[in-house]
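Submitted below is the structure of interest, expressed as structure tokens.
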Amino acid sequence: MKDKRKIQIGVIGDSQIRSNYQYEIAYESGREIALAGAILICGGRTGVMEAACKGVYDEGGISVGILPHDLSDPGVNDFLTIRIPTLLNWARNAIIPLASDGIIACGGNVGTLSELSFASLYRKPLVCITSISGWSKEIGKRGSLDYQKQSQIMTAETGKEAVQKILKAVSFSK
Amino acid sequence: MKDKRKIQIGVIGDSQIRSNYQYEIAYESGREIALAGAILICGGRTGVMEAACKGVYDEGGISVGILPHDLSDPGVNDFLTIRIPTLLNWARNAIIPLASDGIIACGGNVGTLSELSFASLYRKPLVCITSISGWSKEIGKRGSLDYQKQSQIMTAETGKEAVQKILKAVSFSK
Amino acid sequence: MKDKRKIQIGVIGDSQIRSNYQYEIAYESGREIALAGAILICGGRTGVMEAACKGVYDEGGISVGILPHDLSDPGVNDFLTIRIPTLLNWARNAIIPLASDGIIACGGNVGTLSELSFASLYRKPLVCITSISGWSKEIGKRGSLDYQKQSQIMTAETGKEAVQKILKAVSFSK
Amino acid sequence: MKDKRKIQIGVIGDSQIRSNYQYEIAYESGREIALAGAILICGGRTGVMEAACKGVYDEGGISVGILPHDLSDPGVNDFLTIRIPTLLNWARNAIIPLASDGIIACGGNVGTLSELSFASLYRKPLVCITSISGWSKEIGKRGSLDYQKQSQIMTAETGKEAVQKILKAVSFSK
């Protein structure tokens, strides 16, 4: 049965959307994750997280939010299927990439950089969106996060391309 | 939309089943959770956790396991829908009751006692099964965990009764 | 050099003092820890934690507070030598007994019960003060927390007796 | 009394030393921290952490290691004064910068990058050593980690210069 479990794909990025284009890519990532029958893992709050959850929601899929505070947090978005409050504050950033079979980074400020670092420490397949500004573009262009280049870093321009690359990488790593 | 989210019910107890009767109560709890359209939250491993997940699985419901280690942990049960590895070791016991709108304790050794303590600290509705041995029986009979008696402790003899009491308590607390 | 490190002793209990007698026992525990050249580990806040830190402070010893929030928390006591803010909220209760070679429980409400549970899970030497009310008295009289009775539970009436028993247990377990 | 507490300075970097020069800078940072009467906070293991602890040890100062595993971890260095095992695995990287009033980064691979990210999220004074390779050099040259440039990033060539800059920044921020 273990092999039949659904793939879990993380989407990380800014908690405040910077451009319509960024919103569209995050939304499309969520939509494609749901269409592939996979589960979205994210931080459960606003910005990129909310856009991805909305994409999943519109396709009737499942999204899981690993929340930094408790359920009284007004920043929790309305489209989440499952809420996992942790009260771990920023340390919950260590769990989001760990709970993902592969991660898509869509822009992102320094909180996203901490998640990218953990994704690399756990050697998870990682796709960095390079068509928008933020850490995903910088790290995508850099090509690695660790000096031994042990973690996979792929790049994509769109949400659909990103999800396809994660699905391919995860099936290879099985 | 927030009010439409599904109720999340935690089931906690021994990681090694002590009796067929304990297995049946945990299995029935999972089954009733799925039948009520709620989501099971648990530790994702063996014993009571596995029995509850099997109950959910047989009804086509959704179970979430908050795991202490990573996905290579051989103790992860086969019936989980969603796996949230944390690498937090025992500290993950603080998250399971927090991520539950209400908790059912089914027997349980000292790990369960830590979860019961957190359930009380978070003032979550809690049903202790008193028809089997373990901490759920002791605490159910004691009637409270905190000296100010600020947390609700209910008791039940069966899984069905336990789920009904949680559903009622959660709807009142909304 | 490893064998020369100082022994670290945890003191846990109510965050609000219930009686002068409880304050005295916690204060005496801290004082005796410092006089033995050991280091106090605690939650770093008020009540029993503050009394123990004051005892260490008055003897010029070292106390470490594993704090649930950050340094802006007004509940941090003034007598701590070293402050370890964690932002882990209640989950920091999993760390206090882990960072202690042995633990003294002095009264205590449900937060203390969670720490007692972790102390047992980690199989740490544990002394429960039975001369005051609270979980330390209940668990001390019960004699164990786990059903296999794998964790040591000792009892004491005074802070001095408690520290002596911990020191003896830790030297045996080395 | 609160104002009299000792300053706590974090030193982060590679767990495997890359050059004698890196060892010397980390050692010198530890030595200068102890000479200033401050306390060293670090990850408690090998490489830069061990070099900094040795520097503190040789001056009779106090070092605190926030450890990822428990005390049986063979990677714990021999020069630590106080050991805080957490069993939180990589998530302990969120605590090291939080428990530091200011942080010195000395080289560093992707684990260090996660700590740099948290230092920025907590807006802690941060000195990046630019005279050796690794993330401290890259981030020092970049000048910021967050896109709003809300966190202070200073640079230094030596351990002594780094400690002086942290002491100055911490006294200003008091």
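Order of writing sets the chain letters: A, B, C and D. Residues in each chain are counted from 1.
The rule is short, and it goes like this: contacts are C-beta pairs under 8 Å (C-beta built on N, C-alpha and C of every residue); 3 or more make two chains touch, one makes a residue touch a chain.
All of these numbers come straight from a predicted model, not from anything done at the bench.
**Q** Mind checking chain A against chain B and telling me if their interface is mostly the same residue numbers on each side, over half, or mostly different?
**A** same
**Q** Using mean CA coordinates as chain centres, what's the gap between chain B and chain D in Å?
**A** Once rounded, the distance between the two centres reads 41 Å.
**Q** Quick one: chain C and chain D, Cα centre-to-centre, how many Å?
**A** Taking the mean C-alpha position of each chain, the two centres sit 28 Å apart.
**Q** What are the residue numbers in chain B that touch two or more other chains?
**A** 86-91, 94-95, 122
**Q** Using the definition of touching given at the top, classify the network of chains in this structure as line, ring, star, complete or other.
**A** complete
**Q** Could you please specify the touching residues of chain A with respect to chain B in the complex?
**A** Touching chain B from chain A are residues 1-2, 5-6, 8, 39, 62, 64, 66, 70, 76, 78-88, 94-95, 98-99, 122.
**Q** Touching residues of chain A toward chain D in the complex: what are they?
**A** 88-91, 93-95, 109-111, 113-114, 117-118, 120-122, 134, 145-148, 151
**Q** Provide the residue numbers of chain A that touch chain C in the complex, in ascending order.
**A** 86-91
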